[in-house]
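Paired with subunit B in one complex and with subunit C in the other, subunit A is shared by the two complexes that follow.
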Partner chain A sequence: MTHIHTTDLAFEDSAFNVLLGATLSGKTTLMRLMAGLEKPTSGEVWFSGQNVTSVPVQKRNIAMVYQEFINYPNFSVFENIASPLRVARVNQSEVSRRVQAIAELLNLSDLLDRDVSNLSGGQQQRTALARALVKEASLVLLDEPLANLDYKLREQLREELPRLFSKSGSTVVYATSEPEEALMLGGYTATLHEGRVVQYGKTIDIYRKPCNLECAKIFSHPPVNIATVSKSNNSISFDGVADWLCPDSLKDNRDGNYTVGIRPHHLTLSGAAANGYSVTVPGTVQLAEISGSGSVIHLQVQGNDWISESSGIHQFSIGEQVDVHMNLNGCLYFDSEGNAVY
Partner chain B sequence: MNKTIKQGAWLFVIPVVVLVAFNALIPLMTVVNYSMQETFGDNVFFWEGLRWFEQVLNSERFHDSFVRQITFTAIILLIEVPLGIAIALCMPRKGFWVSVCLVLMALPLLIPWNVVGAMWNIFALPDIGLLGYTINAIGIEYNFTRQPFAAWFTTILMDVWHWTSLVVLLAYAGLSAIPDAYYQAAKIDGASRWAVFIWIQLPKMKRVLTIAILLRFMDSFMIYTEPFVLTGGGPGNTTTFLSIDLVKLALGQFDLGPAAAMSLIYFFIVLLICWVFYTLMMKNEQQ
Partner chain C sequence: MSRWLVPTLYIVFLLLPIYWLLNMSFKTTNEILGTFALIPLEFTLDNYIKIFTDPAWYRGYINSILYVVINTVISVSFALPAAYAFSRYRFLGDKHLFFWLLTNRMAPPAVFALPFFQLYAAIDLFDTHIAVALAHCLFNIPLAVWILEGFMSGVPKQLDEMAYIDGYSFPRFFVKIFMPAVASGIGVAAFFCFMYSWVEMLLSKTLTSVAAKSIAATMTRTASTAGYELGLLAAAGALTIIPGAIVIYFVRNYIARGFSLGRV
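And then the complex of A and B:
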């Protein structure tokens, strides 16, 4: 079982919260603690101003959706969605009214009589989501619910999810390992690394201003490019191949070595220099991948392995010498401890 | 549309055809041959048509063995399947005790059948056997070589001891295959232990249980060695099941014709019941 370090985290009430971290970073454990499936060895879990640490799971009014499609195997779609209401002894007419409404919302109306085992993966996961929605739980935990779905369905449900839950007024916690997913879902994000909460805040703020190198790494795919640069007075030097003006945020800091982090889409290779404030460094192409509408180029720049991501299809041969344009507006600076400097 | 037929493909089938022929078809045809003729040795045969089949099907002896067989199998299935599931549910899912339990469960399955018969024979002897002596000592008169009920009781007990493990192992495999998330989901819903069993575990175990029931049906329906060693079919004919009866007919009385006819009838009964059972289960599955 993943060990969770001392963690102080207060999720935004009635909002869409994302837990972002790599596999085994403790997302599931944190969710299990919130759900009450796991007891913390120390510390407390509070919900809506109440200490719920010792409240058993079935009394916490939560719903959970998993990566695997979990439904009652022998039930119809209707009975599956109705199951939390049946446990709560809601009367029949109310059950059918609420199930119909939720089924409508998730496009399951035509499938209500079908056996869940005969449904496609997407339909099974919709059923599981409907079960979580119908309960009108105060806390909804979604543990990588879209990971096992195919690309198209994932896109579609990812768009629908925040909308579905915004109406319910529930606090939603959504675990994922994909930075892109966190950005698309919006709301608030907590980044997790090796059982530690690294940063929590509005998703877009965390993406723009990660508090440290770890957080920048978690929140970037392909991984953020890093290199060591040195600052003296008002200028920054990158291995003698490029110099640029020190950004305002860094001006008052002491001179010395800093780590620069630059996201792959802030590196361009195309002939013309990138717009705006940029410098050019020499690089060697290691590998070129084309992904539909974009190109991902793996580079060697001053002994660092870098990745550039740009739209349009660019073809390079391996070993080719190229000019790498760094968009300086996209540079993040970290001190020797890895903390971001703004 | 024209298809080119490559004759060479037959070459690949020939080994299997030869194997199956020697292994199953030729012995079976010999039995069919005997079942329709009368012989007094010396390879002299007289055509009898369906006479042996009629004789066997109309004989009270066959009816009695058949009823005994069906009763025995029904009791075995009714005890071993629920008991096997119950034991599997009680077994630990992880940790050191898993392997201990699995080995203990597998032990009875590893003992040769006639050894099981001999073991229980000695174990149940009323004068020196631990079981037989104990039962008599607590005041219940028990002698499996003389009382039909005691003979049945001992035979069933022996079979339960020998074969429940098979159901346990299959059910345990089925249970282990259920992702933990199902139990968590049920817990969050506030489902009771019983509801979890009925609505999650049982449906998820359906496939392995179908196999377990099918295997236990076939084995118990064809049981021979253990009761033969334990009771020899007695007292009287009270534990003479179909196989024991068949051997008595074929090798004891040397009635090869009727014995061959009985073998075929026996074979078709097993085939028919398995087919019906399997079709029903599969139909259920598809719905």
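And then the complex of A and C:
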């Protein structure tokens, strides 16, 4: 059983909201509660100033797209898209006009007469998205809709989605487990961890200023690098191998140990320390991966497992001693409870 | 050559009794008893003509088809909601209840012949089509529930939710979306109900006498009263194969899933 803990979450109206969290963090459960597919054991669900906790699914004026491609198997593509309009008894010419318009947007115009079972995965998911769009629902729930698509289609649809839904004025909630996806979609993000909402706000704000270590971990892929540093007076010391000036935000806090979090792209191994990469620490290469245009290097730095992600292809042999340059602008500081200090 | 040999032999052995039945049905009883021939020497259609013109014979078919159809309709329409509940909801003792259904199929029909006879005689249901149809439900509803549950569990639950989200009420969803989605399952379940009811002899014979006398009963009684009319019996037997052959044609692509009770 998934449990959602005491959570107060108010999504921004008529905006693109992202639910970001690992698998089993409660994204789907939260969506099912919003949809009315599940009843909360306690607590309430409100929509547009109305308590909808006991309103049945059918009456909620919502649309939903699942990760699995769910369409009505015995309907044509046209009838699949038209289905919510048919139930609402919209007249035939209006149905026809709206379905054609949506099909045009999603490049489904040539497939309208086809049987859904004969479509490719991407086409099936487009059909599901079209059905969600055509309804002009006030709340649209997208539960990892792109996760089962191949990556080219995923990138293409990811670009189109915010544009498609921005016109409709619907409140959109999009669940994903990928931090990049949240960033690309923009809008607002709520980070989830083990059934708890960690933080909610503008996506870019949350990315830049996660409220605690948990949130920083959720919002970083590859995972955020962590180390313990100690502050005394105006300087920060990292295990005696490097010292740097305490940032302004940390100046007024008490001396002692802090956790520093630094995202992989704020570490570089190549070239001289330049452009803000002002602190250098020694490290040992554990594993080097090349991802097209960049390199992902797994390092051992003062007993911590770190990952550096930098552009350009760099070859390292395992066990090689390297200088790791850190960009201090990318450092996040957390106190002993894991809360961010700004 | 050897690739064809084994399947050919197999098919020949399988078809041999059916061929012999057809062979006999075109012979006179005298020829059947007197000579051994691979094809009818005195070809005759009299046996078939007798069946199609004598009410005592053709009523047997009509009666059988009537109660079989009634049984199939009842079985499938009761099994549909039951199978839906078993495939979609968890409730106390659901697994035990589901298995108990199947155990109904394990008892021989003869066990139930006497209680059914007594019960139906007491409430004036004896010798009616509905009597046999209801009696066969004892075996066919559990079978149909098992087959349909298998097919229904192959349909993702999200389809139900999708329909509710789109605004479908439960009955409308069930009829317009869910039933077509498991149409092949309904076909297979109906076929199995039809076949079991069609070939079942003991209950149909026990629960009818004149008005709803089944073809199976007609065949056995004729054999005992008017001597051995083997040609006539063979023709009647050949005709009993036809309804099954017609029904199986419609579900030929799904029949294997039916034998595995709908499970893939």
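Here is the rule we go by: the second predicted complex is superposed on the first by the 340 of 342 C-alpha atoms of A that agree within 3 Å, B and C clash if a C-alpha of one lies under 4 Å from a C-alpha of the other, contacts with A are read in each partner's own complex, and residues count from 1 in each chain.
As a convention for this text, contacts are C-beta pairs under 8 Å (C-beta built on N, C-alpha and C of every residue); 3 or more make two chains touch, one makes a residue touch a chain.
Please read all numbers here as calculations on a predicted model, not as lab measurements.
Taken together through their common subunit A, the two structures put subunit B and subunit C in a clash. Contact with neither subunit B nor subunit C is seen for A:249 once the two complexes are overlaid on the shared chain.
Within the superposed three-chain model, A:311 lies out of touch with both subunit B and subunit C [touch as defined at top]. Legend: residue contacts after superposition of the two complexes on their common chain; A:115 is shown touching subunit B, with no touch to subunit C.
In the superposition on chain A, contact of A:257 is made with neither subunit B nor subunit C.
Judged by the touch definition given at the top, the superposed model places A:37 against both subunit B and subunit C. Looking at the shared chain after the overlay, A:84 reaches both subunit B and subunit C.
Look at A:51: by the touch rule set out above, it reaches neither subunit B nor subunit C.
According to the touch criterion, the shared surface of subunit A, contacted by subunit B in one complex and subunit C in the other, consists of residues 35, 37, 57-58, 62-64, 66, 68, 70, 72-74, 83-84, 87.
Considering their complex, residues 179, 181-182, 184-185, 187-191, 199-200, 203-204, 287 of subunit B touch subunit A. Contact residues on subunit A toward subunit B in their complex (touch as defined above): 32, 35, 37, 57-59, 62-64, 66-68, 70, 72-75, 83-84, 87, 115. Residues 35, 37, 56-58, 60, 62-64, 66, 68, 70, 72-74, 83-84, 87-88, 131, 135 of subunit A are the ones that touch subunit C when the two sit in their complex.
For subunit C in complex with subunit A, the touching residues are 156, 158-159, 161-169, 172, 177, 180-181, 183.
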